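Okay, so chain A shows up in both of these, paired with chain B first and chain C after.
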Partner chain A sequence: MKPSDYWALILVFALLAVAPTLAGPFYTRLLATGILYGTAAVGFNVLFGYTGLLSFGHAMFWGAGAYTVAIGMVKMGLSFPASLALSFLVVGVIALVTGFLSLRHTRIYFAMLTLAFGQLLYAIALKWRSMTGADEGIYGVPRPLGDVVLYYYLVLAVSLAVLLALLRVLKSPLGLAFRSIRDNPFRAEVVGYPVNRLRLLSYTISGLATGVAGSLYAPLQTSVNPESLYWTFSAAIVFMAILGGSRVFIGPFIGGLLYVFIQDTAMGATEYWLLATGVTLGALILLLPEGIVGYIWRRLGGRLE
Partner chain B sequence: MRPVLVVEDVRKYYGRVAAVDGVSLTVEEESVVGLIGPNGAGKTTLLDIISGVVKPDTGRVKLATEEGEIDLTGRPISYITRMGVSRAFQIPNVFSGLTVLDNLRTALVASRRLYTRSTRSYESLPGVDEEAHRLASLVGLGDRMEVPASSLSHGERKLLDIAMALTTKPRVLLLDEPTAGLSAVEKGRIVELIRDLRGRGIPMLVVEHDLDVVFSVSDRVVAMHEGKVLVEGRPEEVRSDPRLRVAYFGE
Partner chain C sequence: MVDAGFLVAQLVNALFYSSILFMIASGLSLIFGITRILNLAHGAFYMLGAYIMYTVMTALPGGASAVLGILAAGTIVAVIGLLVEAGLLSRVYGKPEEVQLLLTFALILVLDDLAKLIWGPEYKSLTTLPWGSLAVGDYTIPVYHLVAIAVALASAVGLWLLFSRTTLGKKIRASASYPEVAEALGVDTRRMFIVTFMLGSALAGASGALAGPVLTAYPGMGTEAIVLSFAIIVIGGMGSILGALAGALIVGFTRTVMAIVYPVLEVALIYIVMAIVLLVKPTGLFGGREVERR
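Moving on, here comes the complex of A and B:
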């Protein structure tokens, strides 16, 4: 039987659903972080793997989501659901504005513009002390349901909902349009697609998915800091997508899970953990360009996107 | 016969060089117009202007429809395609990462504007796969549906390109060098296809280097030289016109 995107998703989430019974609170929290990283990376990959645009600023959506929830709950006294809704709105507006401006270009110029907008948001978070707490960030974000394990299941459920929604989009005619634009933007224009508008739509969907993941991250950590907006996290998201494989739907999600554990292990083992992740990425691109999941997928007879 | 596509006094300069220098031509319903001329005559630039890839400096491009005349001059490519001017390319331009079936599906999704109107799987859109199979059979690719376009031969890619151009049910079809780089057998297939499409009432503007192909499929031939129309008329008239020889071979 050829692997299917839906079955792969169900299998992975079934395993994640039983995981907390085996792992202690520390690893449950680490796993929740991995799930959110993975969801952010799948969101990123809607734009990268499926539409053919490399964003180097996806931390802006992650960080904006995290900050808005933290500000909503701590500074504005909003409930968790209201803060989530607010962060969805904020991330959506940021995506539309930065997307509109960045998508005047493609390729490296697009990547550079997204990087610039990401750093702009980072600079704002660093300077706007009264709202963002500057370099210290915001502490004391209440965690809904209190307990880490209960919150883990909330993270799991929301992530599953986000991924199912993205998969539905990618299997719909819109997803076919994205893949056509990735493959040959000029031909896509000639067959009648409004390429620029569809790129903006892809960018916004991608940013929103990453933003939702980020907004669940602040209550998990019970804090948020400017690191979440810094460009190195944008790079980490790119890394996760390539690590897992950008040509399989579930690939970047597995990439996010693996990244958390690589980071945790490498950070514990050596202070040169950044070097270790760099070497891993280099080796991976040379040896397994389709990513870990991509490789397994192809071996099982699945079709790469 | 009623004109479908009307090009009026179109000019395009690159710096001080006129690629197209005041060209007018008309494609009438149920007819094939062959466009010939030596390299650099401005044929492809003219197709680029009609299909919206290049904006002309002056002149107009108009399309006659049941709802009246539409001015296409300088409009975006996707608009011109939706209004019914389709184009197949000299170098076949397909989605090489997608299968033949998905190439046709995506062209149909675009022309029917299903991309934001349906949340169904693109593999089960009503009417789309039937039409994809019909068009693939029409051009002779009916048994190649699951093959990635990157694995097709050059000739097959040309056929797929034409099939994709047909997904919009075009009012006019522009073919840019449909037989370039093909074997004699493949050329025969294209000639047959052009005749078949003409029989189905699709007007065509065919740019072609192979004069035997042009003279055998066209109702009218327009010969361009240095950006201008040199000779125009029925194939046998143009073929025997001495100016044509001069343009191609010099004095």
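Moving on, here comes the complex of A and C:
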């Protein structure tokens, strides 16, 4: 049987649903982090893998989501659902504005523009002490449902909903239009697609998905700090997508889980965990450019994007 | 009435900072212009330069050791550049941009931790700068800053001469623009790429050496430097040495002035300037090459 996107999704989420019964609270929390990283990376990949635009600023959506929820709950006294709705709105506005500006260019210039906007948000978070707590960030974000395991299932459910929504979009005529722009923007234009508007739509959908993941991350950690907006996290999101495989829908999700796992193993094994992480990730990029899931997928006879 | 001494001191500060930025950014821009690789680890090379300077200057105090430190940093980092180019990056020429970017990102993680392994995690600073200082009114200007500005100026002139007056410079440019023709005419393009990469890396190393004693050396100092260098080469135009100079001055002065006038916008304004330049003139102030629209 050839692998399918839906079945892969169901299998992975079924495994994740039973995982907390085997893992303790520490690993449950780590898995929840991996699920959110993975969801953010799938969101990134809507733009990268399906529309052909490399963003080097996706931490801005992740961080903006996390900060808005933290500010909403801690500084404004809003409920969790209200903070979530607010962060959806804020991330949407940021995506529309930065997308409108960045999408005047493509390729490396687009990547640099997104990087600049990401750094702009980082600089603001670092300096706007009364709102963001500057370099210390915001502590004491309440975790809804209190317990890590209960919150884990909330994270799992929301992530599944986000991924199903994204998959549905990508399988629709809109998703085909994205691919057509990725494969040949000139042809897409000639065929009559409004290329720029579709790119902005893809950028916004991509940013919102990453933003939702970020907004669930703040209550999981019960804090947020400027690192969540820094460009190295944008690079980490790109890494997760490539690590898992950008040419399979579920690839970046697995990439996010693996990234957390690799980082945690390296941190546990040595004080010099960055070195170990760097060597591992560098080797994977060189040896498995289609990603781990991409490789398995092709071996199983699945179709790569 | 603002004190004249204060203005001169701040002017030297801004020029010093711009000089450091110019040397990192011109190396990055040079490497990108010729090899089309945007080396994210370029900032880590800068960091290594700062550490090498620290080691040399603590081992042999005195003015001569500063000169030795700059030369040692340039040379050692050039050799590291050679190893990285030949061992790692030569495998990904022509590969998709994300593969190149991520490979050099992985290199940052490795080099940052190697620095920590060798020099320890704490900040490394020197208590006194060599060569003393000049008095201007109530303010003092370290001679060290003036030397750094002179070194950056000399590098700018040297690069300009290399590419406009020498055969080597022409061979390097030909290897980037018309590789087949250059090969047919007997230019070893592979070797030209290596020379370019070593030269760019040496600039990063020397820049770090000049910055180290003033800005202190620490793991991760390259990460901030690399993003500022991007801003500079995007403002000035990718691959243009003159652009790197203009971009470095814009960023250096913006930051120095804002740090005094309105620190909240000290960093943010740099990225706002960058975004405006990209929107108005996507090739940057001095970038000639047309941007690929699609």
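Assume the second predicted complex is superposed on the first by the 304 of 305 C-alpha atoms of A that agree within 3 Å, B and C clash if a C-alpha of one lies under 4 Å from a C-alpha of the other, contacts with A are read in each partner's own complex, and residues count from 1 in each chain.
By our rule, contacts are C-beta pairs under 8 Å (C-beta built on N, C-alpha and C of every residue); 3 or more make two chains touch, one makes a residue touch a chain.
Note that the coordinates shown come from a computational prediction; the quantities given were computed from them, not determined experimentally.
Chemist: Taking the superposition on A as described, I'd like to know which of chain B and chain C A:232 touches: first, second, both or neither.
Modeler: Only chain C; A:232 stays clear of chain B.
Chemist: Under the stated touch criterion, which partner chain does A:186 make contact with: chain B (first), chain C (second), both, or neither?
Modeler: Touch status of A:186: both partners.
Chemist: See if chain A has more residues touched by chain B or by chain C, and give me that chain.
Modeler: C
Chemist: Per the contact definition in the header, classify A:86: touching chain B only (first), chain C only (second), both, or neither.
Modeler: In the superposition, A:86 touches no partner, neither chain B nor chain C.
Chemist: When the two structures are overlaid on chain A, which partner does A:111 contact: first (chain B), second (chain C), both, or neither?
Modeler: In the superposition, A:111 touches chain C alone.
Chemist: With the two complexes superposed on chain A, say which partner A:176 touches: chain B (first), chain C (second), both, or neither.
Modeler: Touch status of A:176: first partner only.
Chemist: First (chain B), second (chain C), both or neither: which does A:41 touch?
Modeler: Neither chain B nor chain C is touched by A:41.
Chemist: Residue by residue on chain A, keep only those touching chain B in one complex and chain C in the other, then list them.
Modeler: Dual-contact residues (chain A): 186.
Chemist: What does chain A use to touch chain B in their complex?
Modeler: Within the complex, chain A touches chain B at residues 168-169, 171-177, 179-180, 182-184, 186-195, 198, 201.
Chemist: Can you list the chain C residues touching chain A in their complex?
Modeler: Per the touch definition, chain C meets chain A at residues 38, 40, 88, 91-92, 95, 97-99, 101-103, 105-110, 112-114, 116-117, 223, 227, 230-231, 234, 263-268, 271-272, 274-275, 278-279, 282, 291-294.
Chemist: If you look only at chain B, which of its residues touch chain A in the complex?
Modeler: Those residues of chain B that touch chain A are 51, 76-78, 81-82, 87, 93-98, 102, 105-107, 109-111, 113-123, 125, 164, 167-168.
Chemist: Mind pulling up the chain A residues that touch chain C in the complex?
Modeler: Residues 48, 54, 56, 101, 104-109, 111-113, 115-117, 119-120, 123-124, 126-128, 185-186, 231-232, 235, 238-239, 242, 272-275, 277-279, 281-282, 285-286, 289.
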